[in-house]
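Two complexes are shown next, each including chain A; its partner changes from chain B in the first to chain C in the second.
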Partner chain A sequence: MDYKGIIAKYKDVSGGIIEAFHAVQKELSYLPEEVIVEAAKIFNIPVAEAYGVATFYSYFSVEPRGKNIIRICESAPCHIAGAADVVAALERELGIMMGETTADGKFTLEYTECVGQCQATPVITVNGKPYAGVSPAQVSAILAEYK
Partner chain B sequence: MVNITINGMKASVPEGSTILQAAQQVGIYIPTLCYHPDQSVKANCRVCVCEVEGNRLLQAACAAPVFEGMVIKTNTPKVLEARKTIVELILANHPQDCLNCIRNGACELQTLAEDLIIRDNPFELMVRGFEKDLSTPSLFRDPDKCVLCRRCIEACSVIQSVNALGVEGRGSEAMVVPTLGKDLIDSPCVMCGQCIHACPVGAIGEIENIDQFLAAVADPDTIVVTQIAPAVRVAIAEEIGMATGELPMEVFVNGLRQIGFDHVLHTNFTADLTILEEGNELLKRVKEGGTLPMFTSCSPGWINFCETFYPDLLDNLSTCKSPQQMFGALVKTYWAEKMNIDPSKIFSVSIMPCVAKKFEADRPEMYDSGYKDVDIVLTTREIGRLFRQSGIDFSKLPASSFDSWMGAYTGAAVIFGASGGVMEAALRTVYEVVTGNTLEDVNFTGVRGFEGIKEATVDLNGLEVKVAVAHSLSNARKLMDQVRAGESPYHFIEIMACPGGCVGGGGQPITKRNQKRIERIDAIYLEDEAMPIRKSHENPEVKTIYEEFLHEPLGHKSHELLHTHYHDKHKKYL
Partner chain C sequence: MAEELRIVLRNYGKIDPLNIDDYIAQGGYDALGKARGMDQKALIEEVKKSGLRGRGGAGFNCGQKWQFAYMAPADQKYVVCNADEGEPGTYKDRLIMQNDPQSLLEGMAICGYAIGSNKGYIYCRGEYPYVVDVLNQAIAQAKDKGVLGDFDIEVRMGAGAYVCGEETALIESIEGSRGEPRFKPPFPPSQGLWQKPTIVNNVETFANIPVIVDKGAEWYAAIGAPAYPGTKVFTLTGDVNNKTFFEVPTNTTIREIVYKLGGGIPGDRKFKAVQIGGTSGAFIPEADLDTPVAFDAMAAIGATLGSGAVFVLDDSRDIVDVVTRIAGFFEHESCGKCAPCREGTMRTAELMEKIDAGEGSADDIALLEKLGRVMSYSCLCGLGQAAPSPVLSTIKNFKADYDAKLM
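For the complex of A and B:
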């Protein structure tokens, strides 16, 4: 993947490193070391600082992740509405634990803070798309959309 | 001026002062942690909070500027309680092993805990559980002790322009880490140790070699020989409760004998030798069209910097080894022969103001004597600890002189310890060599002082030599960029990695303030002035070594033992 080309596109944008990271992560699901080093070069900052940016925002990951990122809200409203049961269903369905990635590299499970969809809890997001009022029974159908 | 009331007292302070500065002016102490007198304001620890009339929230004294009519209270019950809670919370993340800590007794957090009368911390202890970083021979990092003040980051980035440190993550999960969260050795760290001075606690420190020293002393077959760098004497006094520069050299020498050194020699001897080798190298480059400007090569932090950031300029570096390594190569050859001692029995210890010297001594190039030229390096701080451990009372200790053959030195060697000193020493000798005249006034004051970059032009019988001196690597970078761009007007450039030169080295007694470094510089020039001989080429033992052993500067033996070469470090992440 031409991450260099992607980063270069944001060279003259102010604060462009964040947008560049988002763009690369969209392709790779995470920010590998080479990407951080290249961004430091393009935006003319030390690698230590570019790494600081990449680790500051929870939406960036410097660890390899699956193609589809499933995030489960762990804030109070979702918690009370039974997020734990949804977690259990996702873990069972995918055969991995929270924080892990499936062997085929397709799915990663992560926790997130409130995503602002408390009108129907619990909430999960897949690649940023919210699914509100999720029950454990719906989990397989949601996953099927991404298989 | 701005009129304020502080703890009921009226005061008039300069406009733009912070509450902290105003309080200092009227003699009120406000505790701080992230604040550093020579750095930018960070205001991230909140230890310095005060009450300001009209403000509901407490204000950080290190950051809040004063205004006309401001009413400040620095010690109300509310303030004291808040400070105490803040420090208790920091301590709740901090390993409780002060007794084993390298900063025990010199720790800002420890002092705060005492000043704020912290006894039973109500917060549960939660040590974060990071691994120690022991990847370099010079420095360790112990992230569990980090209080996240970020002073090390500023020392590394702003003062040194090395940028080996940054923050990973945020909030309660934030941590100071080397580049990309890897070990220090993989980062561009040049091992200058300025972060040690910046750190308020024991989260960064020198790798100690004290046990190896004690083992060598304990072994009756080992002959323990030492060399002392010029910047050590002025500062060691601070470690033993004396004023800067107050410990006379000869009493220091006796102190070293007391802790077990069999022979006490001086790095100053090889500093003088460096001047002869380096001075002649410069003249040769000027006459024969060699690579110019030539850079000095005494400061191992600077060498690491050049090898890391300016590998294209390695030819500009003088090939002279540092005085420490010249000494190391000679003590196990020339000196051993002269003393009739089996070099394999010599344990060569150097006492340095520097932590990068530990790395330098371990370089694979530094075995020219057939042995490890310098076995271990002890910093000024480590020697201070050994003195205290032995319970020496320096006020009663008689004097003792240096041992022979590599113990004599001149004022020119003494000033190696201050920024500009190597340059001045070189000029004293080069002037006489080139012009054949006696230099009446040996003081080249233009290259002295704490200014970041100093320049001078010297007229050597019609040959105009332009020189520049820089200390701190951010200043070095400016001169290097000029050289890289082909725009450098200089013939000779002296670089010292640390602020003020070796007096401000990473192995010196912990000091936050540049003012302390300036005091040490003053002590260095006083020592130079009091020396009977002040030109390196007049050192009698240096004359002897050329007559009996080296024969001539830049000669065959010199090349074998006193000169070296440099390598591109090929660092992956800068």
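For the complex of A and C:
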């Protein structure tokens, strides 16, 4: 993947490193070390600083992740609506625990805080797309969309 | 009373948000034209006179803030929209941006004219990539139509950091840095984005502006509570029948929101508590339900209006468990820059977990209270200052629930 080309597109954007990270992560699901080193060079900051940005924001990952990122909201409104049951269903269905990636590299499970879809709780997102009012019974149908 | 009054959501469901002609047909961009025909000082005076106070949580007089930026001498000034809506249980800014993006752009352009800025940024949270798409389409349409004149607007997307809702952390993030709050002063209206005078206002605040310019300060100031006029959008979650949103005048009471608009508590359960303003808000008991939601009335009962989230708990809920989860939220979201917040949120979460697990003592509660007090006045930004509020308010109002869990 031409990560250098992607990063270069943001060269003249003031403060554009975060936009560049978003763009690379959209392709790779995470930010490999060489991406951070390249971004530091392009935006003319120390590598430590670029790494600091990459690790500050919870939506960036410096560890490899699956193709599809599933996030489960654990904020209070989802918490009392039974988010834990949805977590259990996802873990069972995928055979992994929260924070892990399936062996085929297709899915990663992550916790998130509120994603602002609280009209129906609990809420999960897949690659940013929200599913509100999710019950454990709906989990396998949602996953099927991405298999 | 307890009737909806839609000002910021005036076009909700009435227009195609992705068709600027719909917005213009509703009178959209008339206010910007009117504003540009006014003297800048007179325009700022009008906004000031309307009494509009920031809808992001701090409640500062909007026109007053604009005046600071107007008076600051600089070759470049910026208008920034805080669309980093991160308070759990809140989605009002998303509603505005998804259903009426042009009203936000118009509000920002009016601000730009008032303070003398030709460049705006919308900092939209990373949880809303689909809103970023809507905003970019809306901006492209506004540019095509030429309605914004020389005012340019760019969207930047956050990446999952609650602290970036704090205005100086947000500015750091636009600059491409870690989203850590700055020491204040200087405040953004004198030195903000790239050290230039900057207005940071919430989405809901900007969406009010075209209406104020159009209908006049007096009209607006007469709505709701005199000290915090206008309307507020509330989003209802938890144990309430109508889990939806409402826009109401600011003199509406909490009881009216929970029972009349919210339809009360489902089933045969009883009301236990309501947390208003997001996860950093106080938990309010039955006795305070007749308080108007306006900023100062809420402050008088030790609560906040905040973002307008309304999180209702019925009498079956374990409030200590809920607050333990909230303490975990703040431990996770603390940016780590200042010690009182970095250490305080961690210790608070630790003590709450201990009590929730039935292993706490009365000393632990006393320690939580002391720690909370220290954090409320020593943390660098609003995150750490407000983080103890759910803990302290539940110890005060629901002490029996804590006592029942002690060893």
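The definition used in the following text is that the second predicted complex is superposed on the first by the 147 of 147 C-alpha atoms of A that agree within 3 Å, B and C clash if a C-alpha of one lies under 4 Å from a C-alpha of the other, contacts with A are read in each partner's own complex, and residues count from 1 in each chain.
By our rule, contacts are C-beta pairs under 8 Å (C-beta built on N, C-alpha and C of every residue); 3 or more make two chains touch, one makes a residue touch a chain.
Here the structure is a predicted model, which is why all the values come from computation and not from measurement.
**Student:** Regarding the shared-chain residue A:Glu33, is it in contact with chain B (first), chain C (second), both, or neither?
**Tutor:** Touch status of A:Glu33: first partner only.
**Student:** In the overlaid three-chain picture, which partner chain does A:Ile42 touch, first (chain B) or second (chain C), both, or neither?
**Tutor:** Neither partner.
**Student:** In the superposed arrangement, which partner chain does A:His22 touch: chain B (first), chain C (second), both, or neither?
**Tutor:** After superposing on A, A:His22 lies in contact with chain C but is clear of chain B.
**Student:** Per the overlay, which chain contacts more chain A residues, chain B or chain C?
**Tutor:** C
**Student:** Figure out whether A:Leu94 sits in contact with chain B (first) or chain C (second), or with both, or with neither.
**Tutor:** Touch partners of A:Leu94: none, neither chain B nor chain C.
**Student:** Touch check for A:Gly52: first (chain B), second (chain C), both, or neither?
**Tutor:** both
**Student:** After the superposition on A, what does A:Leu109 contact: first (chain B), second (chain C), both or neither?
**Tutor:** Neither chain B nor chain C is touched by A:Leu109.
**Student:** Could you list which residues of chain A make contact with chain B in one structure and with chain C in the other?
**Tutor:** Overlap of chain B and chain C footprints on chain A: residues 49, 52, 56.
**Student:** Where on chain C is chain A touching in the complex?
**Tutor:** 85-91, 94, 125-130, 156-162, 173-180, 194, 235, 237-239, 243-245, 275, 279, 309, 311, 313, 317, 322, 325-326, 328-329, 332-333, 335
**Student:** Touching chain A in the complex: which residues of chain B?
**Tutor:** 157, 163-170, 177-181, 187, 572-574
**Student:** Which residues of chain A touch chain C in their complex?
**Tutor:** My answer: residues 14-19, 21-22, 43, 49, 52-53, 56-60, 74-77, 79-80, 112-121, 125, 128-129.
**Student:** If we count contacts the way the header does, which residues on chain A are in touch with chain B in the complex?
**Tutor:** By the definition above, chain A touches chain B via 33, 36-37, 40, 46-49, 51-52, 55-56, 62.
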